[in-house]
Amino acid sequence: MSNTYGKAFKITTFGESHGPGIGVVIDGCPSGLAIDLDHIQTELDRRKPGQSKLTTQRKEPDAFQVLSGIFEGKSTGTPIALFIPNENQKSQDYSHIAHTFRPSHADFTYQEKYGIRDYRGGGRSSARETAARVAAGAIAKQILASQGIRIEAFVSQVGTIKLQKEIKDLDFSLTETNPVRCPDPETAEKMAQRIDEIRLERDTIGGIVSCICFGVPVGLGEPVFDKLHAELGKAMLSINAAKGFQIGSGFQSVGMKGSAHNDSFYTENGVVKTRTNHSGGIQGGISNGQEITFDVVFKPVATIMQDQESIDDEGNAAIVSGKGRHDPCVLPRAVPIVDAMAALVLVDFWLRNRLVKI
Amino acid sequence: MSNTYGKAFKITTFGESHGPGIGVVIDGCPSGLAIDLDHIQTELDRRKPGQSKLTTQRKEPDAFQVLSGIFEGKSTGTPIALFIPNENQKSQDYSHIAHTFRPSHADFTYQEKYGIRDYRGGGRSSARETAARVAAGAIAKQILASQGIRIEAFVSQVGTIKLQKEIKDLDFSLTETNPVRCPDPETAEKMAQRIDEIRLERDTIGGIVSCICFGVPVGLGEPVFDKLHAELGKAMLSINAAKGFQIGSGFQSVGMKGSAHNDSFYTENGVVKTRTNHSGGIQGGISNGQEITFDVVFKPVATIMQDQESIDDEGNAAIVSGKGRHDPCVLPRAVPIVDAMAALVLVDFWLRNRLVKI
Amino acid sequence: MSNTYGKAFKITTFGESHGPGIGVVIDGCPSGLAIDLDHIQTELDRRKPGQSKLTTQRKEPDAFQVLSGIFEGKSTGTPIALFIPNENQKSQDYSHIAHTFRPSHADFTYQEKYGIRDYRGGGRSSARETAARVAAGAIAKQILASQGIRIEAFVSQVGTIKLQKEIKDLDFSLTETNPVRCPDPETAEKMAQRIDEIRLERDTIGGIVSCICFGVPVGLGEPVFDKLHAELGKAMLSINAAKGFQIGSGFQSVGMKGSAHNDSFYTENGVVKTRTNHSGGIQGGISNGQEITFDVVFKPVATIMQDQESIDDEGNAAIVSGKGRHDPCVLPRAVPIVDAMAALVLVDFWLRNRLVKI
Amino acid sequence: MSNTYGKAFKITTFGESHGPGIGVVIDGCPSGLAIDLDHIQTELDRRKPGQSKLTTQRKEPDAFQVLSGIFEGKSTGTPIALFIPNENQKSQDYSHIAHTFRPSHADFTYQEKYGIRDYRGGGRSSARETAARVAAGAIAKQILASQGIRIEAFVSQVGTIKLQKEIKDLDFSLTETNPVRCPDPETAEKMAQRIDEIRLERDTIGGIVSCICFGVPVGLGEPVFDKLHAELGKAMLSINAAKGFQIGSGFQSVGMKGSAHNDSFYTENGVVKTRTNHSGGIQGGISNGQEITFDVVFKPVATIMQDQESIDDEGNAAIVSGKGRHDPCVLPRAVPIVDAMAALVLVDFWLRNRLVKI
């Protein structure tokens, strides 16, 4: 029972991979916001399957319907419900796992926890659920855009192929120009080749999505438990296949001394800045006005087109053979999910920050 | 406004570093639990300052008072309030930062967010707040112990000094036998030396706390947003100085293929197990019965005994000189905080799991 | 932002009177429950408009769709989303109130609070929203029925016409046999006549719905703020047109002495009972095993088929003329809403009570 | 587990009647509020026992301590913890109910729900818990006062003795001039006599507290479930001994027609007003700018100085004899609790209303 995210801008998602569809109810969107429906569709298109040979061949239009909350083009302050019908289900592809547990999937744990599961396409555990997050995230981004806040997520590593450039040398207008969603075309090409090799091996590969939030004002984040990076971490780790999260210097900080790690303050034209940004834009759980930078690592997709040892639901040994349509690498499609979740976190804290001072 | 953690076993902490004290209210502790008060004190003693030359020399007895919720040695189902008076404050040590912002501290962000801050010892942003978490975590551990769940946190890296042994080769009874809290005495000694060197340099250093949870039953964790590792991640990232979190293979997974990363199921004496545990004991956000393994990285402590460039609260350049009593390395004292937070997460999901089936 | 009700069995409703439809997402329905879809429809039919001349002539089939959460006839533990398309909107009936505020309606307050409102049929403030509650309540009732808990709501007063019989003399199988939903056919007939008279006067009238919950076990309700009767009160007062709530002796208690009001305990065949039930089945906010009895008063419907003085949205005096299709008395259709809300409250506490003991 | 109230201005109370004391943690008080500690004490003094012969003779100074959250006289945005030590416990007065259940008390239900109870003075179920609400309510009132919002609660009925004057004829400066807290001295005198008669009969009596909130701006209250009057209802019904709640016309509305009940809008000097106020200042769950008026009925106190039939915790018949120090009529001391809870509700919605518009 945790299909709701957010405290001020609350989203509740529902739906299964092979049921009637996927949906989201947004409770807490401020009234009076002009909603750009085309932008929502654009965001959904970024996430949808079948975009290139690097991603699953399931073809879903992911066209959404507005069920409530928008009147004459504007939010009314009442719940906004969006629904994305499923259309291209091939449930028969999944009959083989009705009684067998795929390794490193949620089949076993759902079955044990609930005593029942909709096995078709992974049911609720399918990454298809994230379409609802992307739709809600699009509205969150529209609010943030009105405040000058911009989020740039991109693939920074696939397997061992790393984007080596510094943030200041990246041109984010290039991220969407290649199927990998890496803002450096040369690295993107290498990543694409690597993914395609892996695909031909009938295997899968992981990687890292990095994210930078520009224009975040000072003051977002709520100590002590809802620190901004703690909430970002939770949001990212709630995405399917995410295995780790780091803010700013992250795991690199382990080899640094305090004297090198500390970000000195200075003032430039009356604006407080820091000379370095190892903090990743957050100090004491609260944004400090610098760019927020974080990374999310995604494991290799669990579904591989190979036979694997496993067990059935009676505990007998069984072979699971890869079927269905799956991504050899989740990274390209993870980018719009990461930025959607970042937007949902930021808009939530942006609203909550209205409560702080008398 | 986020001083509450948990949904079923809810803790609300309060208090500042140099105010009357630190406290916690636990709402949702089941009734009928025999509470071992000595164990709570033992846990507080593990976190308290002044334990060795590796930690701050502030001397706090951290003796706690029970204000409510326990009757004749047992929990009654009503809120349990615990209070830890502050005794060894030296607030004058902090007058120099009343109007100056320490680099990489929360001084600036608190001031900007709230328009006011209790600067003495960092006020609410002080790691002293975690004493309340440790006290509550001790009760959580008592519940978990009754269910056969055991948590082992330990320092696995300080600077570049890494614990190299595998989990199965570690003897956790040794963790508390050295001031670093590393279960391998030889590595612990190297870490201690390194910390002492850094202390003499008037600098600080970071590291990694690893944590293993034994005996966690299948089924804990609530998809889709409150996945077990997402909540563990949030809990850990809410600890002062934490910069990153990974579950199971974590950032290592980036270089692995799916065929190598997947954890095959098999059955042993009727119990479902996996041949590897790259999942870190969690699949689809739900515990799978294997050991839960995760890591938390802590940055070098921001307070260093050196002069640093900064600004005052009017934006003028200022020098901040290290004063007060501080840890050269937060890691040894972070161990009891990590395991306390892990216990709070697990007990919360253990209770929530009671709601799942009809 | 409060379209969610419940803490363990959480419902989130959405939708407007003249938008695409009305829906509800249930998060927290235990898995493994066989869901009777026909029963849900039966409950919706009890609430739907156009049932008799005593109610509005809007004709809505109120046929619902299952969007998620049910697999092979059973709940899976994932969110259950139900959607009821609107079909018989006559939005042109409402153009006259696009810029005018109906007296004692929500037009003015929504406009002021949100700066925008969907005026068609009252938008979100329409009692049509309660269809979603009734659908969710039907599932709650199915759970309660499995536990031997039964809820009987009925009209006990219309204007000055009161049902005079005691609970023990009522035959609840008769409630649904008359359009008023009073279990005493003779009184029901008088009430129906009274409502019809009022209808012909182009006016409206209020009344009282009483409710009795049988079979509620000891222990439901959570002190101190979520006392069972406090939560029942909130749930009932959240229904459109409700103006008051009383538990057990309620406002009658004011004239009684403690010695007469107290409910003496005794034991009968090992079961604890009380000789009277002025407590209405709840003591200290917790059910005591006796029947839970409460009353809800509903004001006369605000929409009357008469001209009324009011203002427009620029503050000018204006005449509002009754149009559209409305109920002369909300009571008969309030009955299924009252029992749905009672079911939602009880099932929520029934689940929460699983958390109480170690 | 429901010791927290409020969503933006959250209070968590703890403590038992005969434990170390009673406390409250306020999470969400905006920063920068000058806190008047004397006013908090004044409010506590209004609620404290032993004020006159009309109330219990337990003598508690109810002096409170600030444990956190206030720095240099102002709120800092961190949790404000207040603690009121118990001093005048006479726990031995309660040994007779260690194994016996007092009629219409919470002894039986707590024992059954939790399997254990602190029987001394009723433990957590004691009205002593409300001291914490009054302390928190005082801070809420200080915020409301800064916004021009004023709350006037008073006793309007004791037994059959009713205050007959209309609101406009009442002088609220007189409420605190008599021990009953009725703003009409003549009626107050009659009520006091009645209470004293009842006291001499060793019996108890109930009554009604009415409350009027002046200066509430348009827009407070959150549809659909957290309607302002629904939340007020819950807050009031959570007070010990409360049996009913009505808003505006309340139960009187049952005999009215819509044409008489509707509150016509008009404009006076550019301000929207209504000619009548049967709505009690709330329409569609949102404040409309008129005075908010409601009533709460309290049953006669359950503890009477007479022998009563009951059972012990083994189900055997037992006689409960009234002992301890109790109020013959809870009404006078209920007044400050009602206005404290009203303040907590209003301040919570006042804050939440900041989230509504873009």
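Each chain carries a letter (A, B, C and D) given by its place in the written order, and its residues are counted from 1.
The criterion applied here is as follows: a residue touches a chain if its C-beta (ideal position, glycine included) is under 8 Å from a C-beta of that chain, and two chains touch if they have at least 3 such contacts.
Note that the coordinates shown come from a computational prediction; the quantities given were computed from them, not determined experimentally.
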Farthest-lying chain, centroid of Cα atoms versus that of chain B: C
Chain pair with more C-beta contacts, B-D versus C-D: C-D
Centre-of-Cα separation between chain D and chain B, whole angstrom: 39
Approximate Å spacing (C-alpha centroids) for the pair chain C, chain D: 26
Interface hub residues of chain D, defined as touching at least two other chains: 1-4, 8, 13, 28, 31-32, 77-78, 113-115, 124, 223, 355-357
Chain D contact footprint on chain C (complex, rising order): 1-5, 13, 101, 103-106, 108-110, 112-115, 124-125, 129, 157, 159-160, 198, 201, 203-208, 218-219, 221-227, 229-231, 233-235, 237-238, 243-251, 253-259, 261-267, 270, 272, 274-275, 278-280, 282-288, 297-304, 306, 308-311, 315-317, 352-353, 355-357
Chain C-facing residues of chain A, complex: 1-4, 8, 10, 12-16, 19-21, 23, 25, 27-28, 31-32, 65-69, 71-72, 74, 76-81, 83, 113-118, 123-124
Of chain D, residues touching chain A in the complex: 8, 28, 30-33, 75, 77-78, 143, 146, 223, 351, 354-358
